[in-house]
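Can you keep this structure in mind? I'll have questions shortly.
Just so it is clear, A, B and C label the chains in written order, and each chain counts residues from 1 on its own.
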Amino acid sequence: MKKVLLFLSFLLVGNLLFAQQSQVLSALVGKLNTVKDYTVDARIVAAVPMIKIKEVNATFYFKQKDKFKVDTKGIAVLPKQGFTDLNKFIANASNYMSIESAGKVISGVNTVLVTVIPTNDNQDVILAKLWIDPKKTIIMSSQVTTKSSGLMTVNYAYSDQLKYGLPSSLVFEIDVKKFKMPKSVAANIHQTDKSSENDGKDKKGKITVHLTNYRVNKGLSDEIFK
Amino acid sequence: MFLNNTYNEFIKIAAKPRSYIGLIALSVLIGVIIFAMKADGSTYISFVTASFEQTLSFSGDIMNGNLIAFIILQMLIVHIPLLVALVTGDLISGEANMGTIRMLASKPISRTQIILSKFLAGALYTLLLTIWLGFLSLYVARWIFGTGDLMVLTSDGLIIHPESDVEWRYIYGFLTAYLSLLTVSTLSICLSAFAENSIGPIVTTMAIIILFTIIGSMDVTVFDSIKPYLFTTHMAAWRSYFEDPVPWDAINESIRILIYHNVILVAIALFQFNRKDITS
Amino acid sequence: MQNTPIIEVTSISKSFGSFEAVKDVSFHVNRGDVFGFLGPNGAGKSTTIRCLLSLIKPNSGEIKLFGETFSSNRSMILSKIGSIIEKPDFYKYLSAEKNLEIFARISGAQVNRKQIHEMLDFVGLRGREKHRIKGFSHGMKQRLGIAQTLLHQPDLIILDEPTTGLDPQGIIEIRNLILRLKTEQNKTILLSSHQLSEIELIANRMVIINKGKTLVEGDVSELLNQQEVLILLEVDNVEKAMSLIHSKFPLSSPELNASGQIELTLQKNQTALLNKELIKAEILVSALEPKRKLEDFFIKIIGA
């Protein structure tokens, strides 16, 4: 009996160990891996405290496994935790363990919450939470905490690139608590408010990226990314 | 007679070697800044964007001619007044020193016309210097660095102006910067009317600018009431065109104060020169 | 017309702080005069001249030029005056031609480049048109000053020490020029100078001021009685000569000066006769020269 129980324990633990990767996540990764490259037109709308910028048009280029380029005539402000960081992280299953649990309803969709925990300290990602639509195998929302950028929340929306899991819009929520103006900046002569720091009221900023006109798996030269 | 003498004044300015010091110095200074930015502009940009770069990344051509022009203006706007005063501070006292003032004042041209023609010539020289500054900082910089959106750091934060929305800001900015430099020119000419040598007015002009700038930057309540009336407080009004939204009321107030200064200084110079006994 | 005053100075005074530079000076200059304006250094000549050119405003008194005051018609007055005050100063970094162009442009007359070149030629600066003033000698600047003075054909010329720093040749040239301007062009000239001999030769009227005050004004010939001449005589036998002079020329008032020379006043036509008498009396004459009358007069007036 004891030997049976011990064997069953080993089996359970073994199963648990071998069952670390969420199946939903694995399916998502598999779907994302079907995208070898893409080009997409982007319209970037930034609403970040202490930054004033109008809408900017850009073109994003992506090529497996982690080549990414933003091409814009003007200046675009994007989250540092970019578009490929998360995908790059979850693409390599040996980097993490993932646990499924019941998620929340997002845009009428019952999601599965996949919590992704790195297995070593070398990763920039500390913790990632992904709310995934299990039926369509797409990310509805993510919350990623990194050493370099802190917490980033992204909400996803999709239209015609569902089969590839490529979103039609991304809404990034940025933490701006740490923004500070260098004191040596020439003063605004008309400023009456003496505070040169974010007064803490608007601690969150939002960057919305609208993505249209995907050209997927058309073949992109490496020259583009130089 | 007034226009004749203004033409004379401009001939004299054009013939003096010191008039070219300003133009050459400006060219060298801007050349050095452009070289530095070309060599290591990214470090400078990092200083500006450092506090944002933990969370954000900036894509696109930040280091373009529009930004270089802005950097040049920021750096030089303190130094250009000296280059202006170097020439305009000599316009009356230099003649007294040389002795030609008595030749001039014994001609059938009123002293008022003499002074006003010197002011006009000084204003034209200042305009030339401003145009040269604009040409080098904007057009040469654009030629070297290309053009693009303009990123401006203010005490309220970062403002990124689309390229299409930059040109008019620079035009108005340079016009207002010219008014600031014109005030310096007028001040130095006014001081020149009281002196018999050139060094005095030039040094005094710079001393006044430095003193007023220090008073303007000190965060002390006792100076708060006079700060709005110091012309140095308004010399940076050109930067306001790069705010968003543009504080038009505040800019107009600055322009008004600078114009008042010019009018008062001209009036003082006229009064002094008209009653002065010319003994040199 | 000849006696119409071009300059009328009436009781002008000027103080600089507590120092009275000019006190109650009056004189007039008629049209066509060559008017000598004399006084020792610091007498107030330059101050007075500067008042005439509106460079200095007198504290009191009145100045009329061409019948007008500066307050009523300054532009007209100055357009008719050409002047050199003290040393002529020019823009060192400009050429002679450019300097004259600059002053011509505000002189109230239309002067073209050809006239400028002709004027430069007139004052002996041909070939120097393009040269910068920086390289000019004092004499050349003085010539250029005269060119600047005459360029716009003024009616009244005011010259303050015009021969200062000139060589003897230059002094003669200036004197001849002044005479020509008077005789050929009927210019009125006010001339301030330390060269008393020049004044004596060319001026017809003069004023002497000292310590800011007018001492004497009038016709030169009347003031100096120019029919007479003061003679300085050096002889081997002074006693014999004095005795001869007392007998032959009783009105000459001979005196022995500190240098052992005999000073006497004779009519102009008696000089040759004196010489003849001395030779006849076998008195050896080592020197017989006219002493500057004006100089003597000047020193006497100033001293008094």
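Going forward, contacts are C-beta pairs under 8 Å (C-beta built on N, C-alpha and C of every residue); 3 or more make two chains touch, one makes a residue touch a chain.
All values derive from a computational prediction rather than experimental measurement.
Student: When every step has to jump to a touching chain, what is the lowest number of steps that links subunit A to subunit C?
Tutor: Between subunit A and subunit C, the shortest chain-hopping route counts 2.
Student: Any chance you could check whether B-C or A-B wins on number of contacting C-beta pairs?
Tutor: A-B
Student: Please indicate the chain closest to the centre of the assembly, with centres calculated from CA atoms only.
Tutor: Nearest to the common C-alpha centre lies chain B.
Student: I'd like the Å distance between the centres of subunit A and subunit C, where a centre is the mean of that chain's Cα atoms.
Tutor: The computed centroid separation for subunit A versus subunit C comes out at 100 Å.
Student: What whole-Å value do you get for the distance between subunit B and subunit C if each is reduced to the mean of its CA atoms?
Tutor: It comes to 52 Å between the two C-alpha centres.
Student: Distance from the CA centroid of subunit A to that of subunit B, rounded to the nearest Å?
Tutor: One centre to the other, that is 49 Å.
Student: Please output the residues of subunit A touching subunit B within their complex, sorted ascending.
Tutor: Interface residues on the subunit A side: 48-54, 56, 58, 70, 72-82, 148-150, 152, 174-176, 178-182, 185-191, 194, 196.
Student: Under the stated contact criterion, what part of subunit C meets subunit B in this complex?
Tutor: 16, 50, 53-57, 74-79, 81, 83, 85-94, 98, 102-103, 105-108, 148
Student: Under the stated contact criterion, what part of subunit B meets subunit C in this complex?
Tutor: Answer in residue numbers: 1, 4-5, 7-8, 11-12, 15-17, 98-100, 102-110, 275, 277-279.
Student: Please name which positions on subunit B make contact with subunit A in the complex.
Tutor: Where subunit B meets subunit A, its residues are 47-48, 50-62, 74, 148-149, 151, 153-160, 162-163, 165, 217, 219, 233-234, 236-237, 239-240, 243-244, 247, 250, 254.
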